[in-house]
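Heads up, the next two complexes both have chain A, just with different partners, chain B and then chain C.
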Partner chain A sequence: MTGMTVLTEGARRAAPRWLIRHETLLAAILIVALAILGLFNDRFLTVDNLLNQGRLMTEVGIIALPMTFIIITGGIDLSVGSVVGLCAIMLGYSWKNFGFPLPLAIVFSLGVGAAAGFVNGLLITRVRVPPLIMTIATLALYRGLAEGVSQAHSVRNYPEWFFFVGQGELFGVPTQLWILLVGIIVAGIALDRTTFGRSLYAIGNNETAARFSGLPVDRVKLLIYTLSGLAAGVSAWVLVSRVTTTRSDMGIGYELDVIAAVVLGGTSIFGGAGTIWGTVVGLVMIQLLKNGLALTGVKGDATIIVIGVVLIASTLIASSLQRRR
Partner chain B sequence: MSATIIAPARAGEGGFLRAFASQEGLLAFAIVAVAILVGLDNARFLAVRNLSDIILGNAYIAVAAVGMSMVIVSGNIDISVGALIGVLATISGSLAVAGAPLALVWAAPLIVGVLVMMLQGAVIAYLKIPAIVVTLGMLSILKGGLISVTGGRWITDLPESFHLADIELFGILPMPVVIMVAATILAAFWMRYSARGRAIYATGGNAEAARLVGVSPQRTVVMVFALHGFFAGIAALLFATQLKVIQSTVPPNLELTVITAAVVGGVSILGGVGTVVGSTLAAVLIAEIASALVFINVSPYWIHAVQGVLILVTVVADILRRRRRLAGG
Partner chain C sequence: MKHAMMTTVAAAILGLAMAGGAARAADKWDGGDDIATSPLACDAGPPAATAAKPYDGGQPTAAPDKAGKPITIVDVPKLIGIGYFNATSKGMQDAAKELGNVKVTTDGPTEAKIDEQIKFIDNYITRGVDGVLFAANDPVAIAPVLKKALSKGIHVVGYDANSSPDAREWFVNQAQFNGIAKAMIDSLAKEVGEDKSFAIVTSTFTTPNQARWIAEMSAYAAKCHPKLKWLETVEAQEDNVLSFNQATTLINKYGDKLSGLLGMTSVATPASAEAVTKANLCGKVAVVGLATPNAMKPYVNAGCVKSVVLWNPVDLGYAATYVLRAVVDGKLKAGGTSVEAGKLGKLNVINGSEILLGSPFIFTKDNVKDFDF
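This part shows the complex of A and B:
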């Protein structure tokens, strides 16, 4: 047990010093970007626009929270976009074709998401399949299941109440933003204030040492991959509710947005360092970048170029900062 | 720990050969077995026309999988190759329509492919950024770039001479098959018998050990990515010239099919092991299964699920086999 204390103390001392720098830097850039975008476009800095951007950010944001956990342990989950597609199909299909009542269909699709993540975690921990290749395989498998089950048919005609989560408001704020907010607080506390959170850093810094320190490494990993699948399920629910239809191609490319936000937020792709706070700043930056580009007339397809550049550049900068230290 | 380091090297000639033979033999057996089983259910599947369509239409995947195999053997991964093939096909097609000389039309995708992949390889090798991050970023840059430049417009009115895939050598041998077989055999011999080819295995098996015996892992990775770009260029040419129009978009999930072919072909995702003969056989098998689904009245929408299962089964089998070999001695 003493080994663990030493380890987590070490992680705590080592990580924040440069992370704080990284995040303050990021927050400063964010404020400058906000000011510039606001200056150039008077539709940008309005409460309506900002709340609407929050609405659009939620689907990627919910998944970015467990992804932060996973990347801190040195793992990755590329299957999240496909899990979103699979859950969306399961929600619509079980309601339309199995005749499930809609609330049950929602719970069922969340269960499918968690199960999809659990399968990833199980093979990663039991068979020791590298997370990268495991989740590339399920990126194909889960998308294939979504396509196979739905036969590319979409599901529509959801009842009015179902749209509350994706389109409604609660106390003047988009409903799904509350879900994201609760998620952020819970994930932030879990990462920063619990032994579970500390063990994520320990695993990312030195998995063998974490194992010898008696940490339940496999159980922790199984949990975070399951959480990732569950979060993708919640994301699918919010997405279907927002766009009012279910299609098997939903969530394609989400892995890029999610990983870019997490890495931009200062989480080390090599594991061992990262914060939820950073991920949130990364998320907001990417969403504002998209919005700002859209407002200045850049088409949606061109924004993914920028996100690709942001992903590579932020990894480069982070790793060169780390090396200098 | 030392066992892990020594094992691939010690497996040497005999062990390697046996492992390869089994994976390749298994794939060849699977290709024949699927043909017989599906043929029993629906004899039209065995029509020469159908079988040749399967191979002709998918030869470009096998060619791309040759490069992907090298990348994975070196211990890396590339998920940008599908997007790159889309971009290269569009470049070549645009040049052809603009009336550029045929040599340039055919050479351009090879050159651009090598340059883009070399750049990625250099970032991965020298700046030590994980391949998944670099190639994921490049995937979206290429994908977004292609759609914003072309607006998704189709390229039509391609000159007759452009269609490399339609050429039949000596009047009977279709070009895609010739290129697929030649690329596979040349790459297989080069990887097996040349010093640089062996360096790929050394780098993927144990980069530190490779460095100690005088192999530069960095230079090897850049070289592997450059070759991968070259094969992607050839694949793009075959892909572009087999149809009368080029769609100017990224073929969806093409990178997954290429990765599946490489992995199912016996290229170990742990690096250091694998042959391109296996990956070519696997590409044929995957194409055969995709075609077979239609003939046995299973919706082709299941193909990605089949690919996912194929990767999982191969990877798990590979890991269990390695574990047993390690435990055994």
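This part shows the complex of A and C:
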């Protein structure tokens, strides 16, 4: 309990500095960049385009939320892209080959995602495999399973109602964006206002101290890796619904997009610091920069260069800020 | 103690992961799309005329009438930065220059990923163009975004890799799948003999063109060269190093049993030829495959590779641009049977809404020097 009080005090002391916090700076940069891009192209800052970008951003965004938790504890989950592939295949395969009704197939694939994350968490906590090694291994394992189970056959011809999540709209906003918004609010509250959230920072700052303070470190870790798998499952559902097809190569490279958004948002890769709000700003920044640059006539290969430069610059800003503290 | 256990478990997990990857490679895999095959007749000769099929393409909604007026087109290939799509892009620029009233830009993902490709097309729809040319990374997954383009009055023409027909107006077909399959298997049988074994290096099992070719090759080999033995099909993405490694693995694994390697991509074929050269097996293991001539010149000139199967990708891009212009000008309408394509002359409509570029072309030592792409 005493460890907790120290932490709260630490957070309170940092509060007046909100102006120079990484996320606030990033948000300022984001607004300036958007204004400039908006000046260059009159089709960029339109409601239609922004909602559409929200649609495209959701799959990576959903996974970025538990990834923020994991990185705050000093861990990492590289297997998320492969879990997306595995869940997408399980959704299509159980529907087509096991004859599950489609709603059950969706639930089943979410279960597979959670189980995949649970296995990661179990070996990380019980056997103490470093998260990097464990999830690199399952990155290969889960992708191999996805391709092995499906034999690389795509699943198509889903019924029309299934496309509601990926292509439909609810109150004028893309359906999946509601899922992401709810996720952001829940994750934000969980991280900022609950003991669960506090214990994540405690683990990231000093895992041994957290253990001696009586925090259920292993149970918390198991939970966040399972959440990560579950989020990858939701992401797979949204993705399959959006592109109308299940393919075993779905989600390849997602881990990098997700981690890029999280660390751009100011979460320290060494653990102990980070916010959901920062992750959301990082996510929006990458998506809208890509989109804005494309609409302004910058080609794909040049866009990736800009994204790389932005990542490096933001890391430099963050580390120089930390040094000043 | 704890440390040792950790290492063992980590190793076990890695081992398991690799076993998962290897398990599927052991199968003879013959195309993943479950579409019926139609092997050609075994003897040479022009392909039999296929039964006429009604137009099955889609139509844009309320497309502005720009007949004869300048138009802006975007070309979104599977990926950018490889020789093949550089060549199609060059053909488009050639056509644009000849026509004078077309502006084409090529832009796309740097990796052949369908969700990236969808985002590129989506962005160009928002930006506003008159036409989209595409080579699909997945025929069905790309359909919703193409339909969105049609619904915004944008003309859509595919080339190289098709989408579902109703998601685009026309598709320029570089060569029919069964034609390529016949050329590949016939060349292989001619080089190695009728009763030998071969293996295939492809991109991934999910790539639509490769999947179709392999399915057609399987059907054609069974029909016309039944004694040819198919050992294995391996995936190598469109990656140079991986293709070389996969080909080398095949050579080591099967030894004397392996008489031929078939490369299914413009990356896999030169890499397979390189693997055979490095193993000093030129003349013992034949390499036949799809590739661009420039990449294959050293191996063809050295006598290590005798036949390279392909169409001319410059012509493919050129034809796609002419088709889109003809659609905008109202010269090619649903139900049309042919289209004028500049220096290529008149191209015929097949399969309802596809335009056939021609028969596949086989590059050999005698003619490879005449091509530069």
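Criterion: the second predicted complex is superposed on the first by the 285 of 325 C-alpha atoms of A that agree within 3 Å, B and C clash if a C-alpha of one lies under 4 Å from a C-alpha of the other, contacts with A are read in each partner's own complex, and residues count from 1 in each chain.
By our rule, contacts are C-beta pairs under 8 Å (C-beta built on N, C-alpha and C of every residue); 3 or more make two chains touch, one makes a residue touch a chain.
Just so it is clear, the model here is predicted, and its values are computed rather than measured.
Colleague: Please work out whether A:I76 is in contact with chain B alone, chain C alone, both, or neither, and reply first, second, both or neither.
Modeller: A:I76 sits against chain B, while chain C stays out of touch.
Colleague: Taking the superposition on A as described, I'd like to know which of chain B and chain C A:L311 touches: first, second, both or neither.
Modeller: In the superposed model, A:L311 contacts chain B only, not chain C.
Colleague: Check whether A:R156 is in contact with chain B, with chain C, with both or with neither, and answer first, second, both or neither.
Modeller: In the superposition, A:R156 contacts chain C only.
Colleague: Classify the contacts of A:V47 with the two partner chains as first (chain B alone), second (chain C alone), both, or neither.
Modeller: neither
Colleague: Would you check which partner chain A:L123 touches, where first means chain B only, second means chain C only, and both and neither mean what they say?
Modeller: Both partners, chain B and chain C.
Colleague: Applying the document's definition of touch, where does A:L56 land relative to chain B and chain C: first, second, both, or neither?
Modeller: It touches chain C, and chain B stays clear.
Colleague: For A:I269, is the partner it touches chain B (first), chain C (second), both, or none of the two (neither)?
Modeller: Only chain B; A:I269 stays clear of chain C.
Colleague: Could you list which residues of chain A make contact with chain B in one structure and with chain C in the other?
Modeller: 123, 127-129, 133-134, 137-141, 143-145, 147-148, 151-152, 248, 253, 299, 301, 304
Colleague: Mind pulling up the chain A residues that touch chain C in the complex?
Modeller: Checking each residue of chain A against chain C gives 41, 43, 48-49, 52, 56, 59, 123, 127-129, 133-134, 137-141, 143-145, 147-148, 151-154, 156, 167, 239, 242-245, 247-250, 252-253, 290-291, 294-295, 299-301, 304.
Colleague: Across the complex, what residues on chain A touch chain B?
Modeller: Going by the criterion above, the answer is residues 76, 78, 123, 127-130, 132-134, 136-145, 147-148, 150-152, 248, 253, 255-256, 259-260, 263, 269-270, 299, 301-309, 311-312, 315-316, 319-320.
Colleague: Sort out for me which residues of chain C touch chain A in the complex.
Modeller: 2, 5-6, 9-10, 13-14, 16-21, 23-24, 27, 29, 32-34, 80-81, 105, 107-111, 113-115, 118-120, 122-124, 126-128, 138, 140-141, 143-144, 204-206, 211
Colleague: Please give the residue numbers of chain B that touch chain A in the complex, ascending.
Modeller: Answer in residue numbers: 77, 79, 123, 127-130, 132-134, 136-141, 143-145, 147-148, 253, 256, 259-260, 263, 269-270, 299, 301-309, 311-312, 315-316, 319-320.
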